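The chains carry the letters A, B, C, D, E and F, assigned in the order they are written, with residues numbered from 1 in each.
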Amino acid sequence: MSRYGTMFGPDITFHGVEPCTLDEPDTYRDADVVIVGAPFDGGVSHRPGTRFGPQAIRSTDYLAPDASRPSLPLRVDALADLRVVDAGDVEMFAGDIENSITAIENAVYTIASSGAIPLVLGGDHTVALPDITGVARHHGFGRISVVHFDAHADTAHIEFGHLHGHGQPMRRLLESGAVRGDRFLQMGLRGYWPDAETLDWMADRDMRSYEMSEIVARGLDTCVDEAMAIALDDCDGVFLSIDVDVVDPGMAPGTGTPEPGGLTSRQLLDTVRRLAFQLPVVGVDVVEVSPPYDHADITAMLANRIVLECLSGMAARRRGDTWRPDRPLLEGRGRAAR
Amino acid sequence: MSRYGTMFGPDITFHGVEPCTLDEPDTYRDADVVIVGAPFDGGVSHRPGTRFGPQAIRSTDYLAPDASRPSLPLRVDALADLRVVDAGDVEMFAGDIENSITAIENAVYTIASSGAIPLVLGGDHTVALPDITGVARHHGFGRISVVHFDAHADTAHIEFGHLHGHGQPMRRLLESGAVRGDRFLQMGLRGYWPDAETLDWMADRDMRSYEMSEIVARGLDTCVDEAMAIALDDCDGVFLSIDVDVVDPGMAPGTGTPEPGGLTSRQLLDTVRRLAFQLPVVGVDVVEVSPPYDHADITAMLANRIVLECLSGMAARRRGDTWRPDRPLLEGRGRAAR
Amino acid sequence: MSRYGTMFGPDITFHGVEPCTLDEPDTYRDADVVIVGAPFDGGVSHRPGTRFGPQAIRSTDYLAPDASRPSLPLRVDALADLRVVDAGDVEMFAGDIENSITAIENAVYTIASSGAIPLVLGGDHTVALPDITGVARHHGFGRISVVHFDAHADTAHIEFGHLHGHGQPMRRLLESGAVRGDRFLQMGLRGYWPDAETLDWMADRDMRSYEMSEIVARGLDTCVDEAMAIALDDCDGVFLSIDVDVVDPGMAPGTGTPEPGGLTSRQLLDTVRRLAFQLPVVGVDVVEVSPPYDHADITAMLANRIVLECLSGMAARRRGDTWRPDRPLLEGRGRAAR
Amino acid sequence: MSRYGTMFGPDITFHGVEPCTLDEPDTYRDADVVIVGAPFDGGVSHRPGTRFGPQAIRSTDYLAPDASRPSLPLRVDALADLRVVDAGDVEMFAGDIENSITAIENAVYTIASSGAIPLVLGGDHTVALPDITGVARHHGFGRISVVHFDAHADTAHIEFGHLHGHGQPMRRLLESGAVRGDRFLQMGLRGYWPDAETLDWMADRDMRSYEMSEIVARGLDTCVDEAMAIALDDCDGVFLSIDVDVVDPGMAPGTGTPEPGGLTSRQLLDTVRRLAFQLPVVGVDVVEVSPPYDHADITAMLANRIVLECLSGMAARRRGDTWRPDRPLLEGRGRAAR
Amino acid sequence: MSRYGTMFGPDITFHGVEPCTLDEPDTYRDADVVIVGAPFDGGVSHRPGTRFGPQAIRSTDYLAPDASRPSLPLRVDALADLRVVDAGDVEMFAGDIENSITAIENAVYTIASSGAIPLVLGGDHTVALPDITGVARHHGFGRISVVHFDAHADTAHIEFGHLHGHGQPMRRLLESGAVRGDRFLQMGLRGYWPDAETLDWMADRDMRSYEMSEIVARGLDTCVDEAMAIALDDCDGVFLSIDVDVVDPGMAPGTGTPEPGGLTSRQLLDTVRRLAFQLPVVGVDVVEVSPPYDHADITAMLANRIVLECLSGMAARRRGDTWRPDRPLLEGRGRAAR
Amino acid sequence: MSRYGTMFGPDITFHGVEPCTLDEPDTYRDADVVIVGAPFDGGVSHRPGTRFGPQAIRSTDYLAPDASRPSLPLRVDALADLRVVDAGDVEMFAGDIENSITAIENAVYTIASSGAIPLVLGGDHTVALPDITGVARHHGFGRISVVHFDAHADTAHIEFGHLHGHGQPMRRLLESGAVRGDRFLQMGLRGYWPDAETLDWMADRDMRSYEMSEIVARGLDTCVDEAMAIALDDCDGVFLSIDVDVVDPGMAPGTGTPEPGGLTSRQLLDTVRRLAFQLPVVGVDVVEVSPPYDHADITAMLANRIVLECLSGMAARRRGDTWRPDRPLLEGRGRAAR
């Protein structure tokens, strides 16, 4: 198989990083992170459009696609400090959810087993099932924690008569044993879904789900501290699954199932940066960006920055930096640093 | 009169609850809440469009219209736990403000005197006059407090040569005696309106208006505590009048007179939930949603959730629950609850 | 030269204040503030459109253009309490950045040397160079501090082969000596720009740049206190340069280089009001509003309010008021005040 | 009464022509045409927004507002060759249709009786009743023909319980005798309204309505020839009432009741130009432009050009030109003309 | 199976006609036409969104949903003159194209075998396969002609590795024998698809495809005359399959694969009306309306009118009317008709 | 100079054709056509945004970027039958019109002198000056005709104090002698610009400008026949300069100076195809696509197709085909052709 490129447009890469081809291991040997697109929206219960997510996340920026994005607070240039390559999209046909899931799982497993961290650009949240399964196949079922940002628990049993779809991946992951329920952390849930029966099912698996009321009442940082401690307990790695709808729809309208009352963009970016810095991340997906519902590309831009914060946090972690969010931007720079 | 349905579209109900017909008392006998649409935008001083508010608030959702919306934090399903019915819209002609006001006042009074709580979907804020008057006719003039969320005081005297319009209802309510000035609480005011003369008039009636600077400086919860204490003092019930423009236009653009610097969606939803839980609510209106200016339906969705938070708070209050916003979502669920 | 009016539309003024003509000093004699439009977008590195900023900022409102805008929290009517006039736009051709810069610098200097405060409506941030230079020519090079709100440092050396553009004005200002590096305060920076070399250059000039991570970690008020102290030290005046992209793109999408993770609208408005009240402001620009990317005019409206907060803060400062953000709106009004 | 200006924005005039004030006859003495805005949308049966029509029609252009618009095909500069002044808007409150109708009728009558041609910028089509009545009061009831471009006949009897609204003006005009039914020409009707009873009423009044099927089958020019002959028969003048929805919604989306299958923009502009050239026009209205539903201002721009075609046709007619649509643009120009 | 209603929203019917339930034959006994929604967009090769087509086509109108829509040119009220009922949507999951096709085929066959004409609201063009197959199962394979309006031939063999999708239904129909190639008429093709091999395949099956160049060069009416003669030759009925993208994207932007250079809305409406009047229609689908890409609902409105033109043509045909497109609207109406 | 790629985004090529680098002649040796982007919008008098035109024109399509686009009516695959390569964008800084013009002129001349046909993707119409000059430098001043599609004559003398801008290129071309006035054909002019003086200047240079009234009155084909005869008289080649605003803004809203009443998309595509087939084209530009004002990419798609029609016409011309627009799509295909 030759490189597929972007499924619905020109063959571009995330900020212009080098392309790779999953069938040609040499093209991503020694890569730290392999980006791959999952342009699938056949699993959505309402508004589609996330098939255009990978393309939008890759290219939405006002800076040149020069494979360099130095983080101001972390003082790393993840795209240069890490070896990040982009495998293009996996071909996924909306009308065939079963084969699409298989295709992305295989791609993710191929990346993980090469030693690189897979970073998947969705697509709808259906892809979390193959994304996390692919990583778990490499690291061992039950050996990775998941931190899941979302307005929705995504733990439904059956929808539209099917076991698969964007409201169900987390249930399938626990059923298969890919992830332990008591290492499944959810942040940002809110609204009117799911029903009590499903919540009971979640409770019985010892999931830990931070609903927005709790986050507001106890403070986001407190909840994140707690979640990180759980995620690190007896696990070999952490998968971050980030549904852009965890952010308030007022700030991230370009998504399919917008639920008012979410985090601010700032809160999410700060938290993602911190998690990628403080946890041993082994896989990431950023999902549910639906460009047809976006305005002025602000949601695509946010998702682009979520990816960059992940990468920057990883790069700073590898360098062994200290976490100092309050450090002034210019402290210790210039002549002072010489 | 047979059921009118939605004035500008198909005959639908809020999340698929049962319809009722105001002329047929049997259809809403024993109802806890009767929803009614006030599709009137003839009173706006600037951008119209709120005539499509009731339709948008009723139908904007990504879940099926199955008359069930279980609240995650409150653990009630208001549409099931309460008897909520939807009377459709009152026919209101934009070009005739006088008769439109009369029509909605009569509808609200009919509902209130049946023992149900009227919940009015605006429409522009003109309708607060008949909404609150209709409730006061039942509970007694001066016997209900009002908590009014808005960027604007809506206490103008005369605009465009008329006593009625969306900038004036609160003045008319105090003039008529329907509500006591010292039981009229306003939250979220900001900007450059009204003038000093009007503010003096408000002060002379002992209104209590929380401008955003005060809310930021003192904290929203502190201000809400204080407002609740006043609202509960020597009153038989509380009317919640919620203008969606109290939220920052960045998060709620679909409104006619957007004033930057408002609450976040999260703050409003949290506060409304709490008020509906902690106060004896006897009437509600949610107004000023203007779909032509919305993007991706985010403002309509927010208003839909404001209504659900009201209903959920009422349902939890009736069940005698304790207010515990910091309770983990899954605490005491599943096997643990058995 | 007769009055030019708005370059791309009808001849209107900010909220209907009196027009003036820069070539006719009598028309702005004794003015406290002269507003002038800089409809230039030839310097942008990405999305253009700010040429329509002055027109949009002047006219976006839901109130009548009656030259009166009483501030609720500050209890001043800046447009009445100060003498504010509007000189219309300076003709600036996008294709000729050199002459455009000269034209606006001369206009600003003309205003400043008349004794009035120039308030420039951009346009892209290229205009900060002539805006601040024009003011510094009057007050003395090195004698004014700058408080600069922005997502970006705007201190690039050369872009597209040119020394001028919207990413470079602050470097040119320090190079020319118009402003001292250690009196240049930046608030709200974030993202992935500029590179380390440029940051070193900034550090070597002793600039003080508050990146969003620091602002979140230490608190906005703390950072503002610190910045104000620096700005007041051994300076004769302060210039406020406000790029609307300092606000999160979710709340201010109508701009050319949106960077997620910014301040809320509320935070910016509160801070600007406070700075204009507590600092001796000698010049202001509000830039980077790009109407083609706006939705429902919310960004233009925000910029309009930023200007009004500046003016209101100045008016309250002149009257010698005390800073009391927590004062209830109606306290001491009405009969109580008589 | 002093000049009111634009009801919902700055005081501007059509392409920068001189303002006038209806209460001050000297300001429009000897005017050929007086433009007046009717920013009323309280009469619409569906989407509102036409209140912003006058402002949009006046200012939507890419050329400077210099009171000059030379017509390429007609070789006149109507704004210079005729004396055209702009009276601003009549204050019309959407919530009060009766008084709004009276206000615009008086304004139009004032203009017509001054000897000038009133050209009304709507507003919804409700205003055709006072527009045409005001002209008929001056020229005599039954003495003017009407050529009415519209997708809809606007001959309903009662809607929403009222005699007035944007679907009813033409019925009221025939009932009052202001216009004879057999001198009422309609062009462009289509779709599914009104019902047979109303069509019978129209037939009984000998109206002549050209539905789009007939226009396509017989040819637009043939139908226009026929209509012009009727309009000229035993009448003293012709009123042109142009609803922008006569154009296909694909080309003119910014309107309230879009009916697919209309004229092209080109067809309407050509026809309006010809009618204004070949008929003795005594009044014009251009209505139903609803900016909230427009895209990139294309409908407002079209309406702006409809007005200019009217004025240009009138100017060429006064000069005694010959109708030569096939004349090459540059024929007889330059040296050849000297 | 109880009535499903609209898959993605409230249970509404086309213009308010009576609902029916396919599992309950009594609910559509004696129906002339049964409308059914096929909210499927899992087969699209590019932009999705047509799942919201049925809902949009049913409800987009500015008139009340009163089950009456009298056609001006045809003088019938199809919704009253015919018995038209609406079965709601068939549940179709985007991620499962095989089962979705089966579900709609069964629904269509159920309708056709009841003696009613199925009228399917798409959905993407994938559904033409089951739509036409369902009808052919009743009338006999090879016994119905198809007139297919589209920018694209939809005769691809395999796409994304699948036999089914919106670019392939016509090939499958000819392969199965449901329709004869020489009774398959296509109108409006254009652009750069398909390739020569596919065109050869089409030619070998004796399809007759009218590309836009031919339509412009020979005249639309001439081509339609010719196509009708073929369609009527040795066939028992005609299926009309209308892809809204046959209209120019400038007039119908709300579709997934817009190809510039199409018919005008007027041309399509006139042609559809004529075909439904002059041909024995046994089935209809109207597909590819994608609301997320629409503006001001103009494409949905156009599709709504396409359906009404079909129904009106059928109603006039049944009444035995003469085809007189040039008949004046009011000819023979009113007193003249008595 | 290495390949620059797209100035404002990823490095993509038109429909995926091979890239080339202007500094490396081997990369475009033997090319028939070299595409080059001119992302310049510093010359516009009103709405900017055309800097994003090249990127949008290159990538807007619903088909895969596979360097194949077989024309249905012409039966050529221009991207395969011709050698078409894409040089990426020339770096052009909006703020420096002089150097931008020089840069594109040099690029175009480099292409033309290599023996290939330059096809420039604008950018605003300023670039026609260097586009045509670059070609004329190769073929000889006065040796090429120009066919110019536009709503505007673009023959202004000075605007905003400058000789260059998007309203002036055609004047500069005649002044320099690059093109003879009597071989300058304009099609589609309309509206209210330029003034009589400029028209006289045009007439004195014997330009031939077809205004829309003439085109409607005489027929588009007649005018095109006439224009082609002039263009072919005593000239060595023809340059096609196509401003997308020649199409009606209703169908092509994404442009900066929209003038109602233009050609339909169909008319333009048909005419461009024919000209490219029947004339010896030596250069092309397609300009004034402004994505910020577009909707659902319909204008970008139209411009993409304009380019393809040019290329297809050239390819068919080279093959020596006969012009047969009325040929049925499938005539002579399939078995019939073997």
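The rule we apply is simple: a contact is a pair of C-beta atoms (placed from the backbone, for glycine too) under 8 Å apart; a residue touches a chain by one contact, two chains touch by 3 or more.
A quick note: this is a predicted structure, and the numbers were derived from the prediction, not measured.
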{"item": "Farthest chain relative to subunit C (centres taken as mean CA coordinates)", "value": "E"}
{"item": "Numbering shared by both copies at the subunit C-subunit B contact, with half separating same from different", "value": "different"}
{"item": "Superposition of subunit D upon subunit E: rotation angle, C-alpha, nearest 5 degrees", "value": "120"}
{"item": "Inter-centroid spacing, subunit F versus subunit E (mean Cα positions, whole Å)", "value": "38"}
{"item": "Distance between chain centroids, defined by C-alpha means - subunit C, subunit D (Å)", "value": "43"}
{"item": "Rounded Å distance between subunit C and subunit F, as computed from the means of their C-alpha atoms", "value": "41"}
{"item": "Residues of subunit D whose C-beta touches two or more other chains", "value": "46-47, 248, 250-251, 264, 293, 295"}
{"item": "Touching chain combinations (by label order)", "value": "A-B, A-C, A-E, A-F, B-C, B-D, B-E, C-D, C-F, D-E, D-F, E-F"}
{"item": "Touching residues (chain side subunit C, partner subunit A) in the complex", "value": "45-47, 189-196, 199-204, 207-214, 216-218, 248-251, 253-254, 256-262, 264, 293-295"}
{"item": "Touching residues (chain side subunit D, partner subunit B) in the complex", "value": "8, 41-44, 46-49, 51-52, 91, 93-97, 99-100, 126, 160-162, 164-165, 292-293"}
{"item": "Contact set on subunit B toward subunit A in their complex", "value": "62-63, 68-73, 75, 247-248, 250-252, 264-266, 269-270, 295-298, 301-302, 305, 308, 325-330, 333-337"}
{"item": "Subunit C to subunit D touching residues, read off their complex", "value": "5, 9-13, 16, 58-59, 65"}
